[in-house]
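Below are the structure tokens for one structure; questions will follow.
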């Protein structure tokens, strides 16, 4: 397995207040990594620097062999970053189908496969994304990211607000994704129980710093208690 | 002390000191110019309550500015012509007294804002901009073809109206009056912004849905602010008419609305002294560049462009830093 | 008043409406789709007219002038987007208002600098000059009929572009969430430059086509700008169909209002006074129309409220 | 004694061409005279009344001018003139001369060098019948100057007015009005549509093929505008008190000097500006500006060679002059006006009786 | 049995052809937590919108404390004692946490038209607001603009603002969403406490929380309530398992 992503000592600021104090994150091709931590610890910020939605100040970020410093978000995305952002952010005013095809790139995932994964999206194909239920929007943005056929799928709280049944389906889909297509996945989620079942490794952040990195199997109850409050 | 507070003090004192110095040096026109700044800033203070505090981007504030101006003309013109203001249903004389004219202008402005606001606030965003513009244009075209008050030609009030105890024809005394009114309006605006109503207004601007869920009707809050805003801008209109001793439909034109808005944005939206800084800079540029080239508006445009692009948050925002008080 | 005259006036209203649509088309694109308030749209319209007049005068060929108007306006638009507008997407509407207000001054005085203060000569091409006889015996200027055709073609083209193409989808996605469409791999900056240049070219086209009928002079863009805003707001922002319907509604209201109101008033007023009062009311009519539409439908006729 | 003149005129925006011609005509005379006692300050009023008022204040308070001049538009004149004359300044009008200032509002310090606003419309009205217009369709924008113009036309018009139409100020599309003209049964059309409005109308009118005789005041068919109308303007009649081909020595010299200096033909505004400056210079030779009464008396004499030939002031200090009818013609590359006849001789204005001075 | 605090009677609401709410009736009684669960798009948020007044029903009634409020607007219902939270956090982004909550307290007390007294200098308002902030676990973030909060913190602010209304009934749309495990635990404890102040209609997909808290559970599917009962009854209902819970929850 080759290195897909390498983040080293990344720091980042919102105005004058520092949010990241040196985050390290490595991923190999085909790996599933869980990024964990309590609320406000810097998970989303880490993802934003990776996807170039905000600049980092120190440290380095390499993806697929390329340094991402100073790269525009769309160029980084075309290297194979597929983002499912926190807070959904479906394109309001566009229909469900338009949302899906807006940024689609050719590859394994197409409209038919996404519809097979989330039949509800086929039923709502013509509806304005802004009027979908919360969960429907969540499915839509996952589908939207898949339609770009990324090498690394980034899921920031992707199952937030989904019904247990759907959540189970999504986890199943993710498991299938990794076994069938070898897609790499970086996942942020609050449900440790489900993460344990699919992630290879975990990275835990606290106050913008790495506090624990290791195999998922090595995640003890004590660790979870201490850093995640489980 | 916060930097913005210092800056505000500098602006307030500067606007006072410059005309005083000019008066001492025998440059009465500078006094007139400063009076114009004070009055246009006052119009901006009015707009800033709607636009800065309430997020209501009105491109129709010339309507209130003009209503104030015409209120002055309607009251003062009959005196000039030795005629009563009206004879039916009862006889009423006009007046040349500024305080009376001011009250009339503010009441008229408030009523106008109530009517226009009540209808316009059904819309939001760009639609709001355009519907306020529409009402402004209606008044503009009405004034153009209103023969009783000169139509497009407007109407001259040859002698400035009076204020008890002052000689308003003296530029420096009229300046003092305008300055005093401006300071009073700034005070009102400051108290308003910090009050419970100001907080409700901020809530209604930033998240009307949430405000409603907290039991605060965004519509009523915004309409109230719009009426206050209209009244202050109308007062400025009355003063402006007195400054020029002349009223015409151009006070009601959309360009006037645009200029008042430019003062506010230039100075810094929602900043207490934003309109003062904006009006001062704009008038200064206009005056200075005007003597510089026939194509001075080109340079005015470039200067404004530079300010928007590189001085974010307007003059005050740039000079005083971005952070707004969170005390 | 004869029925024929009424029909002709209705046709005039339609024609005026389509002309307004031509002016508004570029604005809808930029304003409705990119969410940018561009007060300088009228300046691009002016640039188109001036380019056409200058080139037509130099070459004696209107069609070369027309091509020049498209090119000049598109170039001005692209330049404007690259240097100024792209810094404004993330800002609120107010900064856009101020910056594009400043651009009006720059463009107007710059044009005056380059072309002088006197109106330029631009006439309709010889091939399209003069009236043709319509069924029913109405003599109607051919050029105006052609304008109707061009306006409808532009409407259809835009409708297709925005509603049916992936380019259109992406533009609209960019309006909904610019950051997100970028994060999904779309070069939204370049896309916006293209769209802005396209909108500018449409403004330039309108300037040249309409300039042949009207006066080509500095400041010609501002009244048009206000009308174009009125049109797209009545129709509902972001809707090409709305802009077309709004334009025709405004054209009809204005033309028929100007025609019929004085007649109506003269039934109970002295003639001179009736024409004056009727004309006064007619000049307010489209604003009254806009206010009515917005009070009843706060999001315009075809807009999302 | 030195005289300082403040010129307030429109130098930017859509109406700039009129102000620029006014300024250029005025300065041509000033420069030709080379009188070191005469100095001029010029400012742009942006065609806004409030700006004009402020410039007037500035010129009076800071520049300490003795004479004001240059305003193009009536509404700006109404804003500036009464206050200026009340402060004892002389105002010489190079163009705008509204009826209020000619009648009730006349003032010893106010002189109109150009005309009274109604004059050119009166010329058109007086001549229309001779041009074969017996059933006239008359049209103007709906604002005071427009209303005055229709009244002025009707004052001397002998025929029948079949329709009277007010358009919107700033209107650019006239298809509706043209359709009304076609249906009206008129045999001629009088229009007063200044600036861009006139250009739009004339082009659209020519294209409509209606083809009835068109008549109007000179401002709508003046040198600065007809080039933009092109051949559509050919043959249009317009009432005037000046024309580049007016046959007198002063005018020939003026036209030639103006062309040499600025490379274009002068307009009526340039002619009025030129006359105004010469009037002022003539008064300076006779009296000191510090003696207001003597200076005004010197102005009243109008002892200068007007490009209009005959020129004198009446009691209200407005010109008494011949009004002509001009026709737009093509001379080589350019369009210009040529006189076709006299409309009214020695015309003063209609408000003289109201002026108590 | 006491009269219900909140009662919904046969509500209907359609969006075009879609019947988002199709004859829903339910009650909320004193001191109870009534959980409303159901698949995504079942119509839960729509129902909350109808209860809070953001949406107008096609038919049916909403009764609060025995008063029919169907015709009242959102603000009137809030004043009458209805506090709602939003599924997607809705806060005034430029105001600080404290200002947001003061705004809420002031709204609840009907003091929004005071033009002179500075809002934050009003110790009564401020003390009340601080107490609610502390309860929602945001004390340390009091002076931060709401827009700068991390996602989870914003959810807490949502709750603090609902608390500040001192309502007669809470209607909460997914308060746990986006909260970490510890946050969810704290929230569970807080809601457990809260029910004694005012009953809660709770929409939530976090089944741990629902099963721990709810006195009663109603299951909404396609705009209709298909089952209603205690936690045990609902967990055992095969229909509910099929439509919503999935096999995982069979344990």
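Should a chain be cited, it is by its letter among A, B, C, D and E, assigned in written order, with residues numbered from 1 in that chain.
The rule is simple: a residue touches a chain if its C-beta (ideal position, glycine included) is under 8 Å from a C-beta of that chain, and two chains touch if they have at least 3 such contacts.
The structure presented is a predicted model; accordingly, all values stated were derived computationally and were not measured.
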Chains touching both subunit A and subunit C: none
Length of the shortest touching-chain route, subunit B through to subunit C: 1
Taking each chain's C-alpha mean as its centre, the one farthest from subunit E: D
Chain pair showing more contacts of the two, C-D and B-D: C-D
Most distant chain from subunit B by Cα centroid: A
Gap in Å, rounded to a whole number, between the CA centres of subunit D and subunit C: 34
Centroid distance [mean C-alpha coordinates] between subunit B and subunit A, Å: 51
Whole-Å separation of chain centres (CA-atom averages), subunit B against subunit D: 36
Inter-chain centre distance, subunit B versus subunit E - centres from mean C-alpha coordinates, in Å: 44
Subunit D: positions in contact with at least two other chains: 12-13, 142, 147, 168-169
Touching pairs among all chains present in the structure: A-C, A-E, B-C, B-D, B-E, C-D
Interfacial residue positions of subunit A with respect to subunit C in the complex: 51-53, 72-75, 77-78, 81-83, 85, 89, 91-94, 98-99, 101-103, 105, 144-145, 148
Interface residues, subunit A side, partner subunit E - complex: 14, 17, 37-40, 44, 86-88, 120, 131-136, 138-139, 157, 160-168, 190, 192, 228-230
Subunit C partner contacts - residues on subunit B that touch it in the complex: 51, 57, 119-120, 122-127, 129-131, 133-135, 137-138, 141-142, 144-146, 254, 258, 261-262, 265-266, 269, 295-298, 300-305, 307-309, 312
Sites on subunit C touched by subunit B in the complex: 31, 37, 84, 87-88, 91, 93-95, 97-99, 101-106, 108-110, 112-113, 226, 229-230, 233, 237, 276-277, 279-280, 283-284, 287-288, 290-291, 294-295, 298-300, 303
Footprint of subunit A on subunit E - complex, ascending: 15, 37-42, 44-45, 87-88, 148-153, 174, 177-185, 205, 207, 243-249
